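Shared chain: chain A. Partners: chain B in the first complex, chain C in the second.
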Partner chain A sequence: MNKVLGNKKSIAVFVLPAFVIYAVFALFPIVYNLYISLFETDLMSGMKFVGLKNYLSLLTDQTFIHAFKNNILLVIGSLIAHMPLAIFFANAIFKKIKGAAFFQSVFFLPSVICGVAVGLTWTFIYNGNYGLLNAFLRVIGLGSLEQVWLSDKNLALFCIMIVVMWQYVGYHMIIQLAAMRNIDAALYEAASIDGASAWQQFTNITFPMIKSILKIDAVLIITGSLKYYDLVAVMTGGGPNHATEVMSTYMYYQAFNILKYGYACAIGVVLMLLCICSVGISNKVFQTEDN
Partner chain B sequence: MKKKTALLLSAGMCLSLLTGCGGGSFAENTASENGGNTGGSTMSIMISGTESDAYTQCIKDLIAEFNSGNEYGVTITPEFLATSDYKTKLSTMMASDAEPDLFFTYELSFLENYVNGDKVVSLQEYLDADAEWAGHFNSGTLEQLTFDGSTYAIPFAQCIAVMYYNADIFAQYNLSVPTTYEEYCSVCDTLLANGVTPVALASTSDDAWLVSQYIQQLANGIAGYDLFDSLNQKTGKWNDPAFVQAATLFQEEVNKNYFEKGFTGVGNDEARAIFQNGQAAMYFNGTWEVPNLDSEELCSIAGSVGCFTMPAVDPQYADISVGALDGSFAVSKNCQNVDAAVAFLKMLTSDEWEGKLLYEYGKLPSTSMEIDSEKISSLCQKVIECMNGQKALTAWFDRMDTDLGNEFNNCGVAISNGDDPQETYDNLQSYSESN
Partner chain C sequence: MKRKASDQIWTAVKYVLMITFAVMCLYPLFWLFLASFKTNQELYTNTWGLPASWSLTNYINAIIKGNILRYFVNSVIIAISAVIITAILATMASYAITRMRWKLSKTAYNVFLLGMMIPVYALIIPLFSIFKGMGILNTYLAVIIPQIAVGLPMSIFIICGFMEGIPGDLEEAAIIDGCSIYKCFISIILPISKSSIVTVAVVQFINVWNDLLLPRIFLTDSNMMTLPVGLTNFQAMYSTDYVGEIAAVIITIIPTILVYIALHKQIMEGMVAGAVKG
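Coming up: the complex of A and B.
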């Protein structure tokens, strides 16, 4: 078997099926997308070559700029919830607080529920007339704060961000917890003999040892937030009046609602470039000694 | 030996991959082969409407009858989709050359996009060849489906937006149907003073068109048909003073609480339910709502629903309503047997089936069939009276221009949330100029 795997041709044969799938569903669409983004087209009545016009119009398109800002807010919100908060929870469970296994399941549960179901559930919670949130505010005597949450252009995005934070905090907690569990217990033993406090143990052992995982995690968080789609689509559809639009929902709107496929492809390319850049940046920020 | 096994295995994997990918076209081939062998063929039709739209049953019955015996030996296979999914799926299929043979369409730019994309068969020669059929349609209907002198789709129903009202509530507070805008406001004020919600209206971003159809109706009553016509001819402006005035009036109504509490978060189904349960005195929506409002099963106030057309702010522009066709069918270039498709459309628009659509499903006919008033509910009768009394109809803006119409709808939501009308429509105008 080793001999077979050592042969480059047989490696190629084994890799081929996966590569074909990857090429058909990822590489080709990316290149085709780049190509279409240089045209003004509804994909039916011929394609008009416009060069970089689509990209230049993006720079002055207020809705796109707004969607971009929303994505940045989403990245910041997710980084806060999924880095410090998730590390805090992971560390607490790692240190075996009472009921650690229970909390681990509870925090992780939302991330296994389908995004559409989560979105619908929270839409009901935020509902202005029969929503849980308004009912709760009334019960505790804060009825004056009642809102039609998802229809208020200033609040809607934050309402969605809270759901995103809630949904994925457990997922990143699990990733970080797994990294923590890989750390040699002897290190902690030695540290506690030397009289290191819990905080010192965290800053000097846990954090440096999980740094490489945090790097991957940061990439996941940032790219995930940049291409975020499902909760926004389900909860507000990008509305009211584009207030909660993010780049991917705006891309969908341009392509499928108003048939500007070229323009939508340009948004797709920008989105891809941003994701690639964010990978580079997080590699820099979380540079570890071994690379 | 091992090498051979490995090669064999991977070849197997590749093969399974290929069969997976090729499944679709294989199935299509067999379908057409089967059709060829039996001398008939299948024809696909895609329709906007789900189980909750009663009329889809009528279309199903029609297809079943057509399939059971037609001279072309064609079998039609329908596919029904909810409106928003329908629009997405149709545009995707069109863009990838996989469009169905017959498809449901809206008028004006919705269809024009596909006509310009050379996707739709002109039905002009069929209409020319059958003058009786062509002359059967109400005036102003085929025109909305005609581009450069050729008609590309056949309408089977018409609709306008009307104000439904609960006659019991009106009687309780001695109110009569308003004939001027001032009367309309005083009706609402009286209802409010008695603790009744005057109007049920939806205004979520998914149902943005409902708010905008209300604003458009107000604007019709301020500036008349010319406003719509100028926009349709691309000479008008989206920040026309009439829109700003209409939106300002609408905002005043919002501030006076004419609409249910928290209406900015209420969807279409909820707004309808509020009216059906007698919690609001009026409900502004299209005539397609008739089956939901005159059936005892669906509506607890079924017997006492009436309707009127929204009074105009400026009386000289009365009876100009938001309205258009309520469904048409077009034949795509993919269709192998246009004669059969036309035969199906003729059957659909025959008095027999237009009658079924009207009497059983409340769809107002697009043809000048004679209506037997004993077969329709009193609400349906009133709706038809409203429609016959119209001087002109202005189509929903998202049917006139998908992009700008959608943005116009979004503006409506922004305005109901308190944004400044002038600024909102200025932005829309500059957006339309930047395209």
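Coming up: the complex of A and C.
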């Protein structure tokens, strides 16, 4: 048995193709990225070693700091906007309201649609001239609130957050719903025999039982918010005047618009560290809770 | 049992919120669909109503002027190749990791999983430089290869999770009967694991089909662009032909919606499985 299942040659045949592609095109580039981030380069006319200068410049680059702040706002905004709504919808569907299957499929639908198409759809909705939102405000008599939504530098980021919510609440709902469906139904039977109200059942059974998934979900929201690209790139392109710039769009701008590849690589490193940190911190939190 | 008034109010609130959000999810898409038949003029004057005529002019414009058909074909080629290769490689690697006996199997698994944490932004510039050196910028390969590399960790995670649960007896009996490892893989494990492989394929398809960043960087020649890049291109070139752009958006999302209607169960399962790596 071990001769067949432990045969080195056949193991290599099975694992190596995947591993080579993964190592060459995913692991090696991480190291290479660190390396390029220490240089000033346009990738054509040679590279000039500058040490940590790119990282130090990031600290004083107002646009980067602004982009970083926008990412943090997105993280906070998404946590506030997604979590409660997703729990609410998941619980309603879990408790089998009429049309549960329909609601589940409809709420999840936006998260499978291409981000560019979603972004464009909402640029049409927000459009100042023919947009759906302004037309809707006129219908309900709030015409005075009409705006050219995405051109207002104070409103644009908020408008993007709404779209992020529209697209992803259903996704987080499905994750939480899956956790709820793993809860032993006997718990609820016992609780309702004891006369526990729906609210008591939620706070005493459902919520504690899905707590660990909620933490995973929070990590997903955080890393997701750090990585947003499509919607911002399509809806505002980081504008007006860098107001809605996030780290990913700023990195793209530095690399492919003004060819400062070394600097862009440094932004890439920062993004990677932030993602790893948020996963790492949450793992620490899980472990201490489990013990 | 008599229900309390507060319970009834609560139920009503619940339905109102659910229905409002459902309308919010569907109506924009429906509005967009109607708008795709309108003229630019109508878009301004007739926000809510049906189009004056169901003419296909916008779609024809999107296809001829906007080159949408070309982008569509590019998207299909890239998505299908990336999905098939990822599924095959991930299934093979998962088989060796979960079913075969070697010291480093656990290590290999963990190294693959590491990839789920790495944002693609840490890879794009090195890949750009590597692909430039290889001379494959503006070829399908430049997007297919990184999509495979980035898709493997989650695919291996999902398939391994499934394969671990298959009991060993079947395989052992087959091997005692003189079955080779390859035959074992193809005729025993593969058919049993079909559902997890389909899940991986569907999730990978959606990810690759929707992705903007990689094709935007690696495919700058307008004949090679995928639909998402093509859409941004259309937006930049014909910024006043709103209805043409709307038709192009509809063309982009229709395949996704069809796939979703046919396979929504697998899609939801897969996206949850890939997310909850706990």
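Couple of notes before you dig in:
Just so it is clear, the second predicted complex is superposed on the first by the 267 of 291 C-alpha atoms of A that agree within 3 Å, B and C clash if a C-alpha of one lies under 4 Å from a C-alpha of the other, contacts with A are read in each partner's own complex, and residues count from 1 in each chain.
Note that contacts are C-beta pairs under 8 Å (C-beta built on N, C-alpha and C of every residue); 3 or more make two chains touch, one makes a residue touch a chain.
This is a predicted model, so every value here is computed, not measured.
Applying the stated contact rule after C-alpha superposition, one finds that A:264 touches chain C and leaves chain B untouched. When the two complexes are overlaid on their common chain A, residue A:14 makes contact with chain B and with chain C alike.
In the superposition on chain A, A:216 makes contact with chain C only, while chain B stays out of contact range. Number of chain A residues touched is higher for C, counting chain B against chain C. Legend: residue contacts after superposition of the two complexes on their common chain; A:88 is shown touching chain C, with no touch to chain B. Once the two complexes are laid over each other on the shared chain, residue contacts for A:33 go to chain C alone; chain B is not touched. When the shared chain is aligned, chain B comes close enough to touch A:236, but chain C does not. Contact with chain B, but none with chain C, is seen for A:60 once the two complexes are overlaid on the shared chain.
Looking at the shared chain after the overlay, A:171 reaches chain C, while chain B stays out of its contact range.
Of the two partner chains placed by superposition, A:51 touches none, neither chain B nor chain C. Where the contact sets of chain A with chain B and with chain C meet, they give residues 1, 4, 7, 10, 13-14, 17, 21, 24, 43, 129, 256, 261. By the touch criterion given at the top, residues 2-3, 6-7, 10, 13-14, 17, 21, 87-88, 91-92, 94-96, 113-114, 116-119, 203-206, 208, 261-262, 264-266, 270, 402-403, 406, 410-411, 413-414, 417, 419, 427, 434 of chain B touch chain A in their complex.
On the side of chain A, the complex with chain C involves touching residues 1-2, 4-8, 10-11, 13-15, 17-19, 21-22, 24-30, 32-33, 36, 43, 85, 88-89, 92, 97, 99, 102-117, 120-122, 124-125, 129-130, 132, 135, 166, 169-171, 174-175, 178, 198, 212-213, 216-217, 220, 223, 226-227, 229-230, 233-234, 247-248, 251-252, 255-256, 261, 264-265, 267-269, 271-272, 275-276, 279. Within the complex, the chain A residues that touch chain B are 1, 3-4, 7, 10, 13-14, 16-17, 20-21, 24, 42-45, 57, 60, 62, 127-129, 148-153, 236-242, 256-261.
Across the interface of their complex, chain A is touched by residues 7, 10-11, 14-15, 17-18, 21-22, 24-26, 28-29, 31-32, 35, 43-44, 47-48, 89-90, 92-93, 95-97, 99-102, 108, 111-112, 115, 117-130, 132, 145-146, 148-150, 152-153, 156, 172, 175-176, 180-182, 185, 206, 209-210, 212-213, 217, 227-228, 231-232, 235, 242, 245-246, 249, 252-253, 256-257, 259-260, 264, 267-268, 271-272, 275-278 of chain C.
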